[in-house]
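First chain A sits with chain B, and in the next complex the same chain sits with chain C.
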Partner chain A sequence: MAAGSFLMHAKPGRFSSTMLSWILFATGIGLYFYTAQARHHENPDDRVTPTLAQMVKGITEAAVKPAEDDEPLADNAPLTQRLLASMLWKDTKATARRFVYSLALLVPAVLLGLHMGLFPYAGAFFLRFVLFFDKIVALSLLPILFIAFGIDELSKIMLIVIGVAPTIILDTFNLSRGVPGEQLVKAFTLGARDFDVAYRVVMKQILPRVLNSLRLNLKAVMLFLFAGEMIASTEGLAYRISLLRRHMAMDVIIPYVLWVALLLFVVDLSMRLLNRKLHPWFHEA
Partner chain B sequence: MALIQVQSVSVAYGSPAKPVLNNIGLDIEAGEFICLLGRTGCGKSTLLRLILGSETPASGVVTVKGSPRQRPDPVCGYVPQKYSLFPDRTVLDNITFGPEVSEFNLLTRWSPRFYSRRREFRKEALQLMQRLGLRESDAGKYPDQLSGGMQQRVAIAQAFINKPRILLMDEAFSALDPGTRQGMQRLMKQLWRDTGITVVFVTHNTKEALALATRVVVLAKPAPDQGAGILMQFPVAQPCAEAEIGELTTRLESVFGGSEDLEDSLVPTA
Partner chain C sequence: MRIPPHDPQVRMRNNESQSAALPLTSTTWTTMLRTTLIAFLLASAAYAETPSFTVGWSIYAGWTPYHYLMKSGILRKWADKYQVAIKVKRFDYAPSLDAFVAKNIDACTMTNMEALDMPAASGVPTTAIIIGDYSNGNDALLVRNGVQFKDLAGKKVLLVQKTVSEYLFDRAMTINGLRDQIKRVRLINTSDADIASAYISDTSVTGTVTWKPMVSQIGKQKGVVNLFNSSQIPGEILDLTVVRTDVLARPEGQRFAKALTGAWYEMMAQMSGPNADKVLTAIAEGSSDTLASYKEQLSTTKMFYTAQSAAQFGASPELQQKMALVRQFCYEHGLLGANTKSVDDVAIQYPDGKVQGKPDKVRLRFTVEYMQAAAQGKL
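Take a look at the complex of A and B:
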């Protein structure tokens, strides 16, 4: 490797870039299986670091068998029925439903931020309150939410909304304020009314950045969702992880964690592709 | 009555108030091409924004067709130096934005009539593009795919399609290279002649002012801590002969310390 390879002006080739990007993955996987091998050599009943075969068995059972507390399926049930009744599918569906509801409830947050940024009276009315609310640690509200909304879905969804909405509101507020004043004036001179300017000029311009902001907050959404599910739930990926922790079932926990990461990665990628498709004019900095 | 009347207008910013304009009085007749000339920071753009209605004076009044200016509206078209175009719209969509929002609001734009009218707007926009030296193949491009000169042509088309009575241009050609700038000046002059529109053009370039204006209004601050007033104003016969341009340029340069571009010049000596 040349002496200047690690300097700022270095230009790694396509092959080098690909190889470099996989090194940490390969190292992590290698280290894990080396550790698992060593521990199983010492103790064949080790449950902390399951082997690959154990994990495959664990996740396969989760993907085709119902949870222990659910009705068992007939032995000759078709595969589709098995998949749809499985623990993994049921948990994924429950978590996804809460996730989608939460994202949908963030839409009003975007609209509030837009209006706060463009209409001075709305800004004056809400800004101080949202800034204060943003500083409240959402998890500390969890007991209050459980008391106020019960331990059903609503409290979990409210936790996510309360945790993430202020960030989205303030982000949208700042993005709306960032649209050059010349554009607003120009739109008015072209005959636009206030709501035309808000929705046909500003909203359209900031939407790709708002989507990026939502993307960056996906992890926070999941964090609050997991907190809610772990504390009070009867189904969901986090509920299952929490439940399996009691049995030290690492052979299912690890695949579940990877499954969550994969789902989040797919959602993030879909939003990125959608953003690119909907806004071909937008170039990320 | 003059089309635009600026009556004893003063503007100050900040606290404690820092005067920007002091007791400005100016009448602009329909069909005039006014160039507001002065150094950077002397209040030219502020005066333009007062006429535009995006700013209100601390004292005095600005009227257009006898009505006080309260907010920007389609009476005045506007071409700023930058951020003229909506980055999320193609050239064609930028030009048709005006007629579309004027005729259809957020709800009625989903009606079938919108789509038939949009076809007409697009046809008109394409004709205007051709007139302004833009190719039909540019219609689908986004603003960031255009050169500075082309962007300003689109901005002018965007303003012109709405047929405003007045066009306000705030250093609209300042960011262009000299060749493009001259081309845009010729184009603007031609459009002004053809349409008879009233133009108020802000610039700090004396040659540009003399090449375009039928009247040049020079703004200057008597002292750095005082608000700007009208230092002088004089008519310019258009087309202006080279000799006359030379003479007027020398006169202006003597006032501003010997530079064609007032951005580089010293405090007025007058």
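Take a look at the complex of A and C:
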């Protein structure tokens, strides 16, 4: 094969590109299990690198057994009841609730950014402050957050909102400023009012990009959520991970981390699909 | 430290800089490669002569002396005597445990509970060589609004779960006859870095279990009362220096343990001797603390200043009784691992040869060998 075929003009076939995309996964998994096996050979009680069987057992127990502080179930409870009362489901529910609330609270951030971009007085009023606020590392202000929002759910959600909202606001602001002025003038001459222009001309156009920007910020949302749950909580995926870490129960932690990754991937995918459904005309990333 | 001129590493460096100045022909490459290789071999030979060990410590009244041990040169003196090199490294507590379990460090400071549920339960056989102190009020349950034990059910309590804090809480409720109420208290897992500010700023939280210096900070708040503390369960929360058992199996590992113990008790003598204030100030600096604050912490820490007293405690049946409580707690809370089907699967061996648990599953050992040698002046 000529060296040139690996350069920019290369056209990998369907088969080879599928194979190539899985190589790193296979290597990673292979290396892990090789290490795990070697470590278990040396120390059968090793907890740092659990074997596949241990992880399967760990996650199955997490998925069908209640957390240790909860009431144990009757032995004959049906599977659905078991799943719903399980530690994994309880944690997922708690984390998902916080996640959804914070995403909902990011909607006003989008609207604020839009208004800042279009209405000069709103821009003058908010822009400098948001720019400044964007640079504040919210995590280091936790004690103040505790005073303002207590240590319950609200402080965790606010940590996310404070951490992510400025980015969303500024992004929406930039996007709405990017809409060509001619369009606005045209809309006005066709008899649109200010809010028609804002919501039906500008908003409509930038929405797919705003959704994309939300999508890219999912990771930041999750990071803040995890940070919040590790600080003070009684349930949640990150709470469980930080608790299990105390006795190195990696056999549950690793499946938990993969579960979180899967959930995030699903949310990301559904937002992408939603975006495509809502805006079939939009072709970008 | 001055590097002697015959140090192979210095030679290597000189050679490298010389060849770097020349155009890199293939001969220079070969020469360089060869010198590097020789230097490397020499260096590893020198390395083999003085085996090197690392001790990890984290900030706590009973462990901060390690900072002084290193800075004052006491440790170096003892290491030279036993022909070992000892490095001392500060960690945060949890990472120090991780490093010890991963076998990145050879010795580490930890409590008796963590020694059992982290390294020992993870199949890293561990030996406690120094019993430094026990918490004698350092850990405490604090409450506000005049709440009593019987009122705690349904109330919120902040603590770092699955640590000695939860153990203290468990014991406090048991001693007060409220064991059946433990599950009804709403324990909120809170990281130790934020626990003081979280408790102080959110007055809807009734209680907290934590340790010093957070206890002192929270205790200053109006209306906060110290409801229970570790002086009511003396000797149950021990602060140890542990070494991996496989390190002790090697002769140089034993020399390391001897050097460490010797240095430790020389320092203990200084801490309680006539010049104590000067030494304590230097130790306090190790955790960016002041002399007054450090002394306040020491007042609730029962230090074993003499090797004699530590060895005595280590050999006493009392230790075995206390450990029985601790291991039961660890087992009930799943800290010994989900696959541990019986509390006896992680066994503990004591200096008198007695074993708690299955004799073939000894994972944690207490030895007074080194402390006794120190007491008898044999180190």
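Throughout what follows, the second predicted complex is superposed on the first by the 283 of 285 C-alpha atoms of A that agree within 3 Å, B and C clash if a C-alpha of one lies under 4 Å from a C-alpha of the other, contacts with A are read in each partner's own complex, and residues count from 1 in each chain.
Quick note on the criterion: contacts are C-beta pairs under 8 Å (C-beta built on N, C-alpha and C of every residue); 3 or more make two chains touch, one makes a residue touch a chain.
Not measured: the values here are computed from a predicted model.
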Touching partner for A:T167 - first (chain B), second (chain C), both, neither: neither
First, second, both or neither for A:F195, with chain B first and chain C second: first
First (chain B), second (chain C), both or neither touched by A:I151: second
Touching partner for A:Q205 - first (chain B), second (chain C), both, neither: first
Chain A residues touched by each partner, larger count belonging to chain B or chain C: C
First, second, both or neither for A:A187, with chain B first and chain C second: first
Which superposed partner A:N217 touches (first chain B, second chain C, both, neither): neither
Chain B versus chain C as contact partner of A:W281, first or second or both or neither: first
Overlap of chain C and chain B interfaces on chain A (superposed complexes): none
Interface residues, chain A side, partner chain B - complex: 180-183, 185-193, 195-196, 199-201, 204-205, 279-283
Chain C-facing residues of chain A, complex: 43-48, 54, 58, 61, 68-69, 142-143, 146-147, 150-151, 230-234, 239, 242-243, 245-249, 251-252
In the complex with chain A, residue positions of chain C that touch it: 94, 98, 101-102, 117-118, 121-124, 158, 161-163, 183, 186-191, 194, 197-198, 201-202, 204-205, 333-339, 363
Sites on chain B touched by chain A in the complex: 52, 54, 71-74, 76-78, 80, 82-84, 86-89, 97-99, 101-102, 105-106, 142-144, 158-159, 162, 164
